[in-house]
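Order as written gives the chain letters A, B and C; numbering starts at 1 within each chain.
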Amino acid sequence: MQEFIQQVVSGIASGGIFASLALALVLIYNAMGLVNFAQGEMAMFATFIAYTLISHGVNYFIAFPLTLGLAFIGGVLIERAVIRPVERAPVLTLVIVTLGLATLINGAAGFLFGYTPNYFSSPFSAHTVNILGAFASYQDLSVIAVSGIVLVAIYLLLQRTTLGLTLRAAAHHPEASRLLGVRVSWMLALGWGLASAVGAVSGIMVAPILLLEPNMMQTIIIYAFAAAVLGGIDSPLGAVVGGLIVGVTVNLVGAYVVGGDLELAVALAIIIGVLVIKPNGLFGRAAARNV
Amino acid sequence: MQRIRNAPPLYFLGVIVLLFFIGLPTVVSSFQSSEWTQVLIFAIVIMGLNILVGYSGQISLGHGALMAVGAYTSAILIHRYQVDYLLTIPIAGLLTGLVGFVLGIPALRLSALYLALATFALAVVAPSLIKRPVQLTGGVQGILLTPPDPPQFAKDGFAAVTGGLGMTSDQWMYYVSLVLALLLFWLAWNIVRHRPGRAMRAIRDREVAAAASGINVAAYKTMAFGISAFYAGIGGALYGLSIGFVSPDTFPLALSFQLLVGAVIGGLASITGPLVGGIFTFWLPIVSSQFVASQPWIPTGIAAAFKNAGPQVTYGALLIVIMIFAPNGVVGLVTVGYARLQARLRGAGDRGSGQMPSDPQTV
Amino acid sequence: MTALLELEEVRCGYGPTSVLHGVSLSVPDGGIVSLLGANGAGKTTTLRAITGGVPWTGEIRFAGQSLRHKPTEDIVRGGIAHVPEGRGILTELTVDENLRLGEHTRKDRAGVRKDYDRVFEYFPVLRERRKLSASTLSGGEQQMLAVGRALLMSPRLMLLDEPSLGLAPIVVRSIFEIIRTINEADHVAVLLVEQNARLALEISTQAYVLEVGRIAVHGASADLKGNDSVRRSYLGY
């Protein structure tokens, strides 16, 4: 039983990581109907930036928000430079552009930071705390806490501020929003910036667990896809719920049923299962189907 | 004589290219022949991918995984059941085609984006799925294949043409691949030219309208998946045979992506595009890493780092630039450029004739 | 005195098809002008050209400034509120959020509060349904929301594209009354595109009739109303 609770807590922590990246995907999907295949690589790059800052003596708790800010700027720049020229292109073009971006960023990370895995130390020790008779590490709890804070912050931004309102308006109704004076093009860029920052959280949270190297996020993105698809690709709430479910399920199934090496296959099964049974996921409203 | 004079210049170009490929192994080393075998294999797979993406409008980021199915089918048949290697190729193709057809059924319900996502996930997970049944697939080690010995008639023919040179297994595989590539090219050309091709194009452009005019959309779309998987299976089998082994890591996500890129850069919905795509897919990583290293004005430190990171960065950047400026790919650019040149030579008198520009895929 | 809005020889179209073949019209400051004509005559296109939704040649001036090459958001922020065909309601958002978008660029918060009071005075149903999704509103209520939102933009000119479309006559009357009130109280000019010519002529001082991309008739509304042959040939009644 103890081990079970540990697995669950661990699963929730993983879920927080998946949820953050999934939320980034959802933000961009909402903004332009596009799945950003480069989201994981962008998160990885941001994490390297955090790592570099920390290696040069910057305190973790300063480097973290600083990195988020830089990630935000990076996301805006990417949208302006790379996405804007192909904003209205067909889906296939956009998919290829984001994949090209992913390749580029991965290569750039390798070029700038090298391919040797790095140990990313987190200020949260691996010491454990006793919960319901089981031991949960500070590490896991901190991941849960940070993810929670970020997700709540995004929620408040989107739902309670004017900026959030214009972001949502531009995402769902670009033409009508223009007629109300919303600078839709810039909203798109801001959406990318926000998504980039949120994705960066996921990378920084996962780095102490995995080793930091350019290919670090390639499996995480699959879990994030599963979370976003399960929750509904256009629902931020879905990303959170989906992330938690995926995190716990993958952990439990991997521990008790199929073995750790097939955890990724579990994610695939979730994706295929959802797309076949209920393509809109739990909370989604977008048309996952063809017209 | 008249027909030859009236034949479009592209036919002549095609003949020249064909002669080039037939004669290639006689003038280059065996190793270089094997490189060009890879180009042909990629071209075959991209032909199939083209039918799926360019003609029927569905995306697949998982064709590397389909190649794996073909490669492992062939390898397992040879290794465990001692089936003749040439026979395993069509079997691999058909089996993979069936898999593709079956995948095409749930794919019907997915929008382009979701299809991309699902096939992406498939490609990422495939290696770990292959590793599991160790008895069958050899697990992480994979399966080793002995390179096939060329049959006597081929050796004799080769010696006759080259003045006594022996034919290596690599060169033999090159010719096997070439023959298959030509056959499959002919097959694809026919599919595209006749009703299936027209139906698929109609579906790609306006699915609702196509359905309304009586086209069985579901049948054609799943058929497209099946056909393109068939091509991938054959390509995969050839791939395994030509490099001498199959392993889970021979077919990573990057391969699926490179194939899609090759299809797009070659030019979607064009028949000659796949060849350009195959060339591009194989040569770019090599050229870009060698190119940078060989430039004297780039300091060695950067050149070395670029060698590791270069191909990817170049790949990604090139891809983005191409999608922004030439979404119809190289062949599209060439076709459009050629058409414009022709128009200018003829005299640009028909501005106002209101004619629609010709379909770029009428090659 | 120069007109608030001036169009000179405006031509535009979609791709190879040309829709407007040289349209000239003007809207005086504080006036109500109607743009009439049959379906496909180009009325909606004219409005879209004004707010930059479709490329055009010729000249369009608002308050003396040319609108050429100005993006839609900037034109609208300059004082033109455009209620498009279909009303442009953001159905993913609530009624309140739609209204907030109307005033989100304004700096004068006191003025905004006053305008909210007026909007709810004209359209009480909007206050009742404030927190609900805009998609739950009926056609007439959505039109009210669109007009209320336009009012919150504090514009100098309102472009209304077929406000009567699909609405019951009694609802249409009340909306038109409110439009007239807004025009008189706030000195807001109105360019009204309508197929319901009779209603449009009642509320407007001037009218233009568009036929296949050209202005066929132009004059004071009273004159057009009284002219039987014009009414029969161009206005369908």
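Just so it is clear, a contact is a pair of C-beta atoms (placed from the backbone, for glycine too) under 8 Å apart; a residue touches a chain by one contact, two chains touch by 3 or more.
All of these numbers come straight from a predicted model, not from anything done at the bench.
Every chain gets a centre from its CA atoms, and the centre nearest the mean of all protein CA atoms is that of A. Ranked by distance of CA centroids from chain B, the top chain is C.
The centroid of the Cα atoms in chain A and the matching centroid in chain C are 43 Å apart. For the pair chain B and chain C, the distance between mean C-alpha positions equals 55 Å. If you average the CA atoms of chain A and of chain B, the two centres end up 33 Å from each other.
Within chain A, not a single residue touches two or more of the remaining chains. Only residues 162, 165-166, 168-169, 172-173, 175-184 of chain A touch chain C when the two sit together in their complex. Residue ranges of chain C in contact with chain A, taken from their complex: 51, 53, 71-73, 76-77, 82, 84, 88-93, 97, 100-102, 104-105, 149, 153.
On chain A, the positions that touch chain B within their shared complex are 33-35, 37, 82, 85-86, 89, 91-93, 95-97, 99-108, 110-111, 115, 218-219, 222, 225-226, 229, 233, 261-262, 264-265, 267-268, 271-272, 275-276, 279, 287-291. Every residue of chain B that touches chain A in the complex is listed here, in rising order: 53, 59, 61, 106, 108-114, 116-118, 120-122, 124-125, 128-129, 131-132, 207-208, 253, 257, 260-261, 264, 305-306, 308-320, 323-324, 327.
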